[in-house]
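What follows is a structure written as structure tokens; I'll ask about it next.
Chain IDs A, B and C follow the sequence of writing; residue 1 opens each chain.
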Amino acid sequence: MHLSRYQTERIAFMAIGVAALLTVAPIIIVVGAIFVSGADAISWEFLVEMPRNGMRAGGIWPAIVGTAYLALGTGLISVPLGLGAAIYLSEYAHDTAWTRAIRLAIVNLAGIPSVVYGLFGLGLFVLFLKLGSSIVAACLTLSIMTLPVIISTAEEALRAVPQSFRVVSIGMGGTRWQTIRRIVLPQALPGILTGVILGLERAAGETAPILFTGAAFFLPRLPGSVFDQTMALPYHLFVISTQVPGMPVQIQYGTAAVLLTFVLAMNILAASVRSWQRRKRQW
Amino acid sequence: MTISTRKATRRNPFEILLETLVRVAGYSAVVFVALIFVFLMRETLPTFGEIETGDLFSRRWYPIEDYFGILPLLSGSLVITLGAALIAIPFGLMTAVYIAEIAPRWLRELLKPLVEVLGGIPSVVLGFLGILVLAPLVRRILHVPTGLTAFTGAVLLAGMAIPTIVSVAEDALDAVPKAYRDAALALGATRWQTIWRVALPAARSGVLTAIMLGIGRAMGETMTVMMVTGNAPQIPAGLNALFMPLRTMTATIAAEMGEVANGSVHYHVLFTIGLTLFLISLAVNLTASAVLFRARRRAERLLS
Amino acid sequence: MVSETVPEPKIRINHLSVRYEDDGTESLRDIHFDIPANAITALFGPAGGGKSTLLRTLNRLNDMVDVSISGSVLLDGVNILTSSVDVVTLRRRVGIVFAQPIPLPFSIRQNISYGLELAGERRRARLDEAIESSLRAAALWDEVKDRLGDPAIALSGGQQQRLCIARVLALSPEVLMLDEPTSGLDPISTAKVEASLQLLKQDYTVVIAPSSIQQAARIADWAAFMLQGELVEWNKGEDLFSAPRNKKTEDYVTGRFG
């Protein structure tokens, strides 16, 4: 049976369309299901109260606070380091073997499984440096994991700034740092911001790196210092859905919904930054 | 007298300080990779003094009784990654083609963020849904004793790999110069022929990278598989195995690390597994960058 | 080749050779001539002649890429190619305008004051004064004086190029270099730019790689014909165009190749 080119095209397009639909529909269903089922559990009290009765009742406030602490700490470490590395790669480095080694290292860091980061964090920060299972150890671990994302997106944003601006600035007697500070960085800022948002979003949602480095389930109080352990939303969801008998399904869905809301909010934020840049760009 | 004026440029100390700072930041990436390797090695080496290498490759993983055969874990990871790949690659690529080449602009602006959202969903959330929704479904529809199977895990892992494949492949297709497509259409090709014979081959290296990255992500997943594949370290045999529980390397580390005594044999073996995972991801990434590098060189030569 | 020297030239170029290291091409070979002060010197010739390279060497913009240089360039008698030279000050003294107008992603006002701000000038009054005087010198003041806060990219191509000239003038340079400045401009904008150059040469030394040989003939006081990295002939403008001494110059000027 010989098909004409147009018949082939129609079949191919139909198959692809169906595949795309089958891929995309579950996303909507999944997100919708969690929100619908979790909506019942979510109330102001759920968000700001401490948990009771072995986590089976009450709120998830400490998990939310813990996740915020972890995200903040990770940002404080990985953003300056990542931005610095990106500036080096984009503005200073020549194409040498060493530079290629750095790029290779970044690609590798990006591919390491999250549980291996947890193992590494345990070995280095918790045990060897004797920081113990703590916010600090968890943040350090998460920072190294987040570094490749921030470096890649920041470098891309810096490179996107037209080279002609740099030439003009240097031609007028500007130093390299003046050029970066006055032109390149401000113009690359939205792109860098997007990368930071997405990087921190990932860090806040990961469980495996914090399993052995700082997360805990039954904590009576909010953490008092960076050397304390902390509760965290993803870890909390994991435990209540697998290890606590008699945990009301409500609360599980509610916790999942809160985590998902956070993720969606970050995505929307990143998308807004991107479209704001597209509108305000002067080149 | 020949000079290179670049090297002859004087700079003030502030500039030098800043350049040093960013240079250190740049090299930190290399330092971290080396550090990770060193620390994994440090806790792995004792393994080879504590148990026979042959025992390590035996077929039983039962630490309580000192059985440390990692074959069931290796094969568990392999099977589930393969299963995820079989689902994720076709669906991911077809979705990428749809978004990049076929969908009208308004639909494209809708689908891209949607796929990004899927990519952002934390693995615990997918695992959670797996336990509460997918596993019971699998159990009822396929009449298996438990819904926590390799198949369930593969489906969810595919869900995690697909966004990576879609976004990287879509970028690659987008980057194909319009001139190629216009040339094909001008010669009378249909849109499908243009996609199949011109755009996809031109984006070949990017598509390959997308697949490798997607598979890499699937293989490295921990929480989803831990929650949904049943955690039974057995070597999958026969097609049935797809619908039975298994254990991956990643899940093993996550599940058992909390219970081991620091410095025990079990502890060291878990680090050995971790090092294995590190080395596998290293190999995959090196191959992926070599492919990309070679493709870029080829493209530069062609276009220069 | 070099028919005379000028007493007290602004710039003296001595046996200058420049080679780009990343592809090994020799861009300039033994260039040797003078650039007099308060005059327009035109560097003309077919593409690939080394004109842009020469301009970029005069303010050491070439430092941004890998080049090796031999010979010397004297600005007011001092060699600028040594390591003891402060390139920042050099680039303020020797300003450059490129072929494509490159407005910085700021307002018109910020574009002009950028150079002064780089130099540390913060006084509002001084900046405003510089903005007005340089925009007048570039024949742009009347067109933009009411919208200095608008983004520079909103200007037309010809206005943008005059903005780039004003931007350089704000630094009060001694030498003004222009690399094919009117390439993308319509005839009216071109005429405006050429007219400002005639005025500017009274206060500055102007070196221009003209966009066409006709432009060179129109405005050059002195002219240097460069072919494939070598200086073929250098003379007063009117003498070189009406009675070229070298056969190659004559062929190019009369259009036999190009």
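By definition in this document, a residue touches a chain if its C-beta (ideal position, glycine included) is under 8 Å from a C-beta of that chain, and two chains touch if they have at least 3 such contacts.
Everything quoted here is computed from the prediction, not taken from an experiment.
J.: If we define chain centres by averaging CA atoms, which chain lands farthest from chain A? Would you check?
T.: Computed centres place C farthest from chain A.
J.: Per-chain C-alpha centres versus the global one: which chain is nearest?
T.: Answer by centroid distance: A.
J.: Using the touch rule from the top, point out the two chains with the most contacting C-beta pairs.
T.: A-B
J.: How many angstrom lie between the CA centroids of chain A and chain B, rounded to a whole number?
T.: 16
J.: Roughly how far is chain A from chain C, centre to centre by C-alpha average, rounded to an integer in Å?
T.: Measuring from centre to centre gives 49 Å for this pair.
J.: Suppose each chain is reduced to the average of its Cα coordinates; what separation in Å results between chain B and chain C?
T.: Using C-alpha averages as centres, the distance is 54 Å.
J.: Check each residue of chain C and list the ones that touch at least two other chains.
T.: 64, 87
J.: Where in chain B do residues touch two or more of the other chains?
T.: Chain B, residues with two or more chain partners: not present.
J.: Of all the residues in chain A, which ones touch at least 2 other chains?
T.: Where chain A meets two or more other chains at a single residue, that happens at 175.
J.: Can you name the residues of chain C that touch chain A in the complex?
T.: Residues 59, 61, 64, 87-92, 95-96, 98, 100, 102-106, 114-115, 117-119, 151-153, 164, 167-168, 171 of chain C touch chain A in their complex.
J.: Spell out the residues on chain A that touch chain B in their complex, using ranges where they run on.
T.: Interface residues on chain A, with respect to chain B: 5-6, 8-9, 12-13, 15-17, 19-20, 22-24, 26-28, 30-31, 33-34, 80-85, 87-89, 91-93, 98, 101-120, 122-124, 127-128, 144, 147-148, 151, 175-177, 198, 201-202, 205-208, 211-212, 234-235, 237-238, 241-242, 249, 252, 256, 259-260, 263-264, 266-267, 271.
J.: Residue numbers of chain A touching chain C in their complex, please.
T.: Per the touch definition, chain A meets chain C at residues 164-165, 167-175, 178, 182-183, 187, 281-283.
J.: State the interface residues of chain B toward chain A in the complex, per the touch definition above.
T.: Spelled out, the residues of chain B in touch with chain A are 11-12, 14-15, 18-19, 21-30, 32-33, 35-36, 39-40, 42-43, 90-92, 94-95, 97-99, 102-103, 111, 113-118, 120-129, 131-133, 159, 162, 166, 190-193, 196, 213, 216, 219-223, 227, 250, 253-254, 257-258, 262, 270-271, 274, 277-278, 281-282, 284-286, 288-289.
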